[in-house]
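The structure under discussion is supplied below as structure tokens; questions concerning it will follow.
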Amino acid sequence: MSSDVLVSATGVKVHFPIKRGVIFDRTIGHVYAVDGVDLEIRRGETYGLVGESGCGKSTLGRAILRLAEMTEGSVVFDGEDLAPLRGEALRRKRQDLQMVFQDPLSSLDPRQSVQSLLVEGMKAHGLASDKEATSARLRELMDAVGLPQAALSKYPHEFSGGQRQRIGIARALSVNPTVIVADEPVSALDVSVQAQVINLLESLQDALGLTYLVIAHDLAVVRHISDRVGVMYLGGLVEEADADSLYATPLHPYTRALMSAVPIPDPAVEDAREQILLTGDLPSPAAPPSGCRFHTRCPWKQAERCDTERPELRTVSIDGVAAGHRVACHFAEPIASGEIQPHEVRAEAVLPFDPDAGIGVPDVEITP
Amino acid sequence: QSERGGAGGSTLTFGAAGAPSTFDPFYATDGETFRISRQIFDTLIDSKPGTSEIEPALAESWEPDESGTKWTFKLRDDVTFIDGEPFNGEAVCANLERMYDQGADGQTAAEYWGSFFGGFKNDAEKDPSLYKGCEAPDETTAVITIDRATASFPTLLSQTSFSMQSPKAMEEGDANGIKAAGEGFTFPENAKNPVGTGAFKLEKYDEANGTVTLVRNDDYWGEAAKSEKLVFRIIPDESTRRQELEAGSINGYDLPNPVDWNSLEENGNQVEIRDPFNILYLGLNLKDKKFHDLKVRQAIYHALNREELVKSQLPEGATVATQFMPDTVAGYNKDLEPYAYDPEKSKQLLKEAGAEGLEMTFAFPTEVSRPYMPDPSTIYDALRADLEAVGITVKAVSAPWTAYTDNVTAGKYDAHILGWTGDFNDAYNFLGSFFTEPVANDFKTSNISWGKKLSDDLKAADSIVDEAERTKRYEELNEQIMTEYLPGFPISHSPPAIVVDADTKGLVPSPLTAEDFAPVSVGGE
Amino acid sequence: MNLISPKKTRIDTLAASVAEVEVAEAGTVRDTGGESLLAGAWRRLRRNPIFLIGLTLTALFVLLAIISPWLAPWDPAAQPLIDKVERQSNPVPGPEPGFPLGGDNRGRDLLSRVLVGSQQTLVVGVLATLIGLAGGLVLGTLAGAFGGWVDALVMRIVDVMLSIPGLLLAFSLAALAARPSQWTVIIAIAVVQIPIFSRLLRGSMLAQRHSDHVLAARALGVRPASIVLRHMLPNSLGPVIVQSTLVVATSIIDAAALSFLGLGNPDDRRPEWGQMLGASQQYLNEHPHLAFWPAGCIIVVALGFTLMGESLREALDPKSRR
Amino acid sequence: MSEPLLSVRDLRVTFTRHGAEPFDAVDGVSFDVRPGQTVGLVGESGCGKSVTSLAIMGLLPRRGNTVTGEVLFEGTDLLGLPATQMRERRGRDLAMIFQDPLSSLNPVVSIGVQVAEVVQRHRGVSKSAAMEDAKVMLDKVGIPDPRRRLREYPHQLSGGMRQRALIAMALACRPRLLIADEPTTALDVTIQAQILALLKELVSDSDTALVMITHDLGVVAGMCDDVNVLYGGRLVERGMRHSLFAAPAHPYTNGLLGSIPRLDAGRGEPLAPIPGSVSDNLPWAGACAFAPRCPAAAEDCLASSPPLVPHGGGGTDGEGALRCFHPVVPTEVSS
Amino acid sequence: MLRFVLRRLLQMVGVMVVLSFLIFAWLRALPGGPVSAILGERATPATRAALEKTFGLDKPIWEQYLLFLGRIVHGDFGASIRVQAGTDALEIFFDRLPGTIELTTFALVIAISIGVPLGYLAARRRATFLDNSSIVVSLVGVAVPVFFLAFLLKYVFAVQLGWLPVSGRQTPTIDATHITNFFIFDGLITGEYDAAWDAFLHLILPGIALSSIPFAIIFRITRASVLEVLDEDYVRTAEAKGLTARVIRGRHVLRNAMLPVTTVIGLQVGSLLAGAVLTERVFSFRGVGDALAVASTERDYAVLQMLIIAAAAVYVVVNLLVDVAYAIIDPRVRTR
């Protein structure tokens, strides 16, 4: 495992405008979906990204793939800046950066057979010129993801969830990518099938030397397959470290709470566990709290700095914490040493955020 | 007068096909308006019930001087308007002066005056008006001077448009205050409150319910109306009118579909068939050189099986036409024989003219039913089939009525079907309307060698004052038109009908569709 | 321990993993030979009596339209009964031997006209629908595929068109025609359908635009045109197809309404039911059978298409679970 | 040991659809729940957990299914109750919380009314009194500013609060039995932890019996006293949570545990998934449904259907149970 | 909410302006026109030209349009030539509107009061004979051309059985007082109950004919929407709460199921207006539709312009109202 950087994202911001107006749509605010993230993925590693729903994981993943327009920031892939790429050049570049989706059914066009789903990408990148070679390649792909050849002529809805996800993976592989962004590749699957897919992803990585960015909300899954893990909260990375280090010594209060909230299928552990129960819900990304985004729910919140100054993601030097463990908390050290103790937090009412809310009546089509 | 009051609260309800456009007949052009005006107003001269001849009305007698340009009318002395104003010579002159003295907008709106009298007082550009002036030497006399001699002058005055209205009401109601507004006219008060001398007076026009209610004028100079009330209900749909009659909610309606005549009678209604006073013809657009050869025109005429058409598509009483006017009009040439149906001859003629494979667009109107063509599409079908039978290629075209007349006038079709119902008994009202310049000449005769001559001849004939000489001239002209010129093809005359229920009595059908409702009684009185 | 199949529960290498999974899953991929979504919908539909009625009626109608020229005893334009026609006493000849339904007002065989009328009726219904569909497809695809100002522009046009009640628009369009013909009828009806189709299509296209599988195709680097044509369009067609069946029915009825108002095709040598119905107006009181046959046929056929369309709509609706 | 509050005996739910074979979604399931006890039902998607709970509540669709067996609630068989009496009991004696808090709330009725209507219905109090109760309930489940929330609509609440509102609704009439069907699946982990803590607290406070349905073994491990593992509509293993997690006897339970990546396990160990998928199942009638996916399967597994037999350490009911011819030998379990 | 209404109103004004120009230009492109309508079969070119000049039809279209706008600003919408000759088009619209409102409202009431309950029942008894047969019956209503249905109704109930009047809005001999031109309302406020009753009887047949299509659609949408709502989780929640069947039906099922139905009712207004053209014509019902029919055959420009734009405006306004109603029923739409 070399440690050269394959993908590097700097200062990525993705802000979605919220529009409303009388005649012309006026932008009345923004959803700060991703708000300043620096992240590096090394060649051949698996980078795991976790965080609660709506914190911007998918958007970040898509921004890296240039599937969502970045408001600010740059993404450098293998030394090449992707930001200036447009149109055809960008389309060509997509061969290197692929994606696996959360919902295996909805991400497969229901009207295309597996074969045409797979060939499509190859055609788009000129890999399907030779008929023989194409079908050989198809066979290879099916083998790689563990599906029978017969599956080629079938349609997505005829498969089970796990099999569909295999098709999704095969599609990503079909163009020989270097990096695969897997956006919640297993969260729609049953536990037993989930394990099959995780194993498949891992073996493919070993065999093909792929680089993964795995997005998931399941901390256990992420920890299992990742070399390094980033924890996101409300559009920003709050902590990043080697998987083991993160688990062993979570530094950010949010990471701590998250870790303690993950149920573990072992009654003994469960009974013994000290949970850090957070109060209240995730604030709206359209109106993120000032200062540290987590201060509204943080049991370690301090009177000063937390609500005024946004902490930077920084490397800390604490005993027993691996180098390269970064955290965005002003008080990481005192918390780690137990100098600062947690306290009660009063729950604040939080509005759910729904960018589609507002006035609008659904289109209903009628014919007499 | 024994009937008076006898009819008590009786109400006569009549189904009208459309709303009246105004209650001032001077600005009207449509039959629905005239039908109502006729009950409210009287004219100096009227048509004799059941005929197209004229008879005295408000004027008891009339006399031209030798030049034929000065007419003296003796008036009845027992007539007052319903507002109490007396009817006298001055009233007559006031009426004529008012008609003559139209403002710019009024001039375009007064279509009947325009077409029969020509010009207006303050309108230098137009033709000089037929009307020149009016004097009232005494209460019961009116002397009217006209521009040139014409025998049809008294007949003109029988037009409902030229009804006598109360001078006071006209003054108060700003009778000439008609204004163009957008693509229509707004009418002054006078047009909403008609004040006449008729057997009925207007009670109310309920626009929201589509009914016009007239009540009996108890001071009427003639025989008082039999019904207390006369209600016109506006029912645009023909089949609905019939259903209303069957349901007993109206007493009668005009122009029943000939298809329904028999069954209406079987159900006990009275279908009164008027004498045909109209002509249906197949018109040609002579602008197109292909019709300039007389043989071509004759060929077309011989191709038409009019006997069969009349029998299968026109109501009982319809006849095959031999010329461009019905036989009741003076000047009708009895000696003309109908063109025989002879497809062989037709083909032969076409060959001779080198017009085999003749092609033409042939049009008919939709959305319309006229007394002379109850169902244009079926008549058209029959004619087209006949034309095709002799090898003429027909391109079928149709258009809704108003668009159709526009297109015909603009000469957009090679051939069309159209017709005319006479306004009054005068040959010029038929022939003059068809073939003189600059009247909308649908036949475009000006494009053919004899066109100008025909126009001039007709105009000359119209100014012959002597009755007999006039008649003779028209007979000659009719023959000439049918044999020498053949500008178009007269097809048929068909009788329009009017229907009333079993208990409605006293309706005298008029060939001019100018029925009087005063003598009509309902409920078996 | 006796194993049924040589399985290992632990997998250590890629090869082993693949082999294992293949064995495990081979039986899972049902060997039905690629049943598409439509086939699935069809399976469900086959059991729906409403659909079957609709389908039967529609099929009969189409069949009739095809074979009617051979079925009809007379040429619909011939006038074998013209001698019997008398405007007043016998405007519409009644049934007699050889003419089971009698004739029409022009002495033509009514049965033949009703039978052959199915052809033009089908043509009007189908062509009006197809033209409307084509227009709707173009506008809807533009709006749905590009979004943004193209969408806004197209939708404003559609709004304006929609804000005049459809049939009124058709009336005026038919009246605008210089030379009314079958085509003016077809086009007038078709134009009215365009905004409906385009809105429908745009709606599903926009939904498709944000769908995962389109995003997936984009991520894969598929060309934009190909995304629109191969992914968005086919997946948006479901509602449009359903709508089409319904529009065939309404087109036939609308054509009848146009004829009723005298705006129909003036040339009646090739009969069409709506036109026959319109022409029968003046005989309604005395000879309602002239209206009854074409009206009956229109009702049955419109019902056929509508029933079929409605049940299709239901079958293709992902929310309906039957 | 107290008497069971709810006793499910040999519950069988058969779906009959025309054109398809009758299908036993739940096939002879029996279990007991005592007041104050939490019983878990676990298993993969489609194994019949929800159908079981709906059958207990009498909420299965009216047509297309037959329910046999007994659902004894304090000795009364709920299955035999007429619909009107069942309506009386639902919401008052037994209540239920569903998985997706947004779709389970009526979008056009205010939270207050939705909570109050159940109070009004079962306690016969006035509307305003019911509203007051509703406010108290919302407060109790930890919704801040409950008075304002009463007037709000579901879409104005965040996911966690919606689930709290649902819980408030279910608990408004102090039911003695609460069935929670995957109550936290739609929620984030930190919110899930809040909700689970709340449920635990409410149950222990009021001695309510709780049936916890989930596919998350972690949740079960932390919540339940007794665990019932379902597979293909049948109970395959029952035990007290400690013994069950420590020594799963059924290969399926074992397989499930092996499939889950654990936060506390070392990295790098590959997962041991159960091969195949649910669609490989055999019908229970003449075989073990799990046999095709089972590493321990032998001929007898295909020959007959294994019976449910008492087993091992037992649950609080005194007895554990197992449906397997070839149970996993404890030493084989790797952790 | 206010913003939303404002926005829609502004949009509406825009649509109206565009529409008015389109209609204006279009009408003038139509063959035939008021000149031929007024002058009849035979008029001299001079007369025609004079009349065209009087009406300003000889000017370029855009100039005519500007003049038209200028007149509108002064409240002059142009005079009718045939529908109600001499009357301002706007006045005609308001004269005729009450009748049409009475008729369409009555038709909608029939459609809703039968369609909604039947739709609910059919959904509850899904796939039963009741369900299937009511689907078929409702669709027959759609498949029958309105004018044909109208004819049959008149023939059976008015002519043959004589139970109901054939056509019109009120028997003329009843001599009713008209204040607002809503005849039923007028009859009630003036105490002329017989007149009100008579006007009501006149509404029945056209009302039924006109309601056939909206009924079918409302029935169908209600059915589909109830089916959908019955499958919703919150209905199951309501059942789980042990609520009475009545509360579940009203508060949980129908209230939600009515959302799409409300929208559809708004969209139906357009087709009701179109249907009114045919219905009012065959029933000689003096409403906007009848005026429109007359105006279009007679090329009554002023009335046509006015009515088509008004129809569009009514359509937009009604749909705006529907959206507002929707927002009142559905809290999700009225957020923030």
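Each chain carries a letter (A, B, C, D and E) given by its place in the written order, and its residues are counted from 1.
In this section, a residue touches a chain if its C-beta (ideal position, glycine included) is under 8 Å from a C-beta of that chain, and two chains touch if they have at least 3 such contacts.
Just so we're clear, the structure is a prediction, and the values are computed from it rather than from any experiment.
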item: Two chains joined by the most C-beta pairs in contact, as defined above; value: B-E
item: Chain whose mean Cα position lies farthest from subunit A; value: B
item: Centre distance in Å when subunit A and subunit C are each reduced to the mean of their C-alpha atoms; value: 45
item: Distance from subunit E to subunit A - Cα centre to Cα centre, in angstrom; value: 53
item: Centre-of-Cα separation between subunit C and subunit B, whole angstrom; value: 50
item: Approximate Å spacing (C-alpha centroids) for the pair subunit A, subunit B; value: 87
item: Residues of subunit C touching at least two other chains; value: 11, 20-21, 25, 28, 175, 178, 250, 261, 284
item: Contacts with two or more other chains, residues of subunit A listed in rising order; value: 160, 162-163, 196, 199, 357, 368
item: Of all residues in subunit E, the ones touching two or more other chains; value: 11, 30-31, 142, 151, 155, 271, 293, 332, 335
item: Residues of subunit A that touch subunit C when the two form their complex; value: 62, 65, 67, 91-95, 97-99, 101-103, 106-113, 120-121, 124-125, 143-144, 146-148, 150-151, 153-155, 157-160, 162-163, 168, 171-172, 174-175, 196, 199-200, 203-204, 206-207, 363, 365, 367-368
item: Subunit E to subunit B touching residues, read off their complex; value: 30-34, 36-48, 50-51, 53-57, 68, 71, 76-89, 95-96, 98-99, 151, 154-155, 158-159, 162, 165-173, 178, 181, 183, 281-284, 286, 290, 293-294, 297-302
item: Subunit C-touching residues of subunit E, taken from the complex the two chains share; value: 11, 15, 18-19, 22, 26, 29-31, 127, 132, 135-136, 139-140, 142-148, 151, 155, 220, 224, 227-228, 231, 270-271, 273-275, 277-278, 292-293, 296, 308, 311-312, 315-316
item: Of subunit C, residues touching subunit E in the complex; value: 49-50, 53, 156, 159-160, 162-168, 171-172, 175-176, 178, 249-250, 253, 256-257, 260-261, 274, 277, 284, 288, 291, 295, 298-300, 302-303, 306-307, 310, 314, 319-322
item: Touching residues (chain side subunit C, partner subunit B) in the complex; value: 79, 82, 85-89, 91-92, 105-107, 175, 178-180, 261-263, 266-268, 279, 281-287
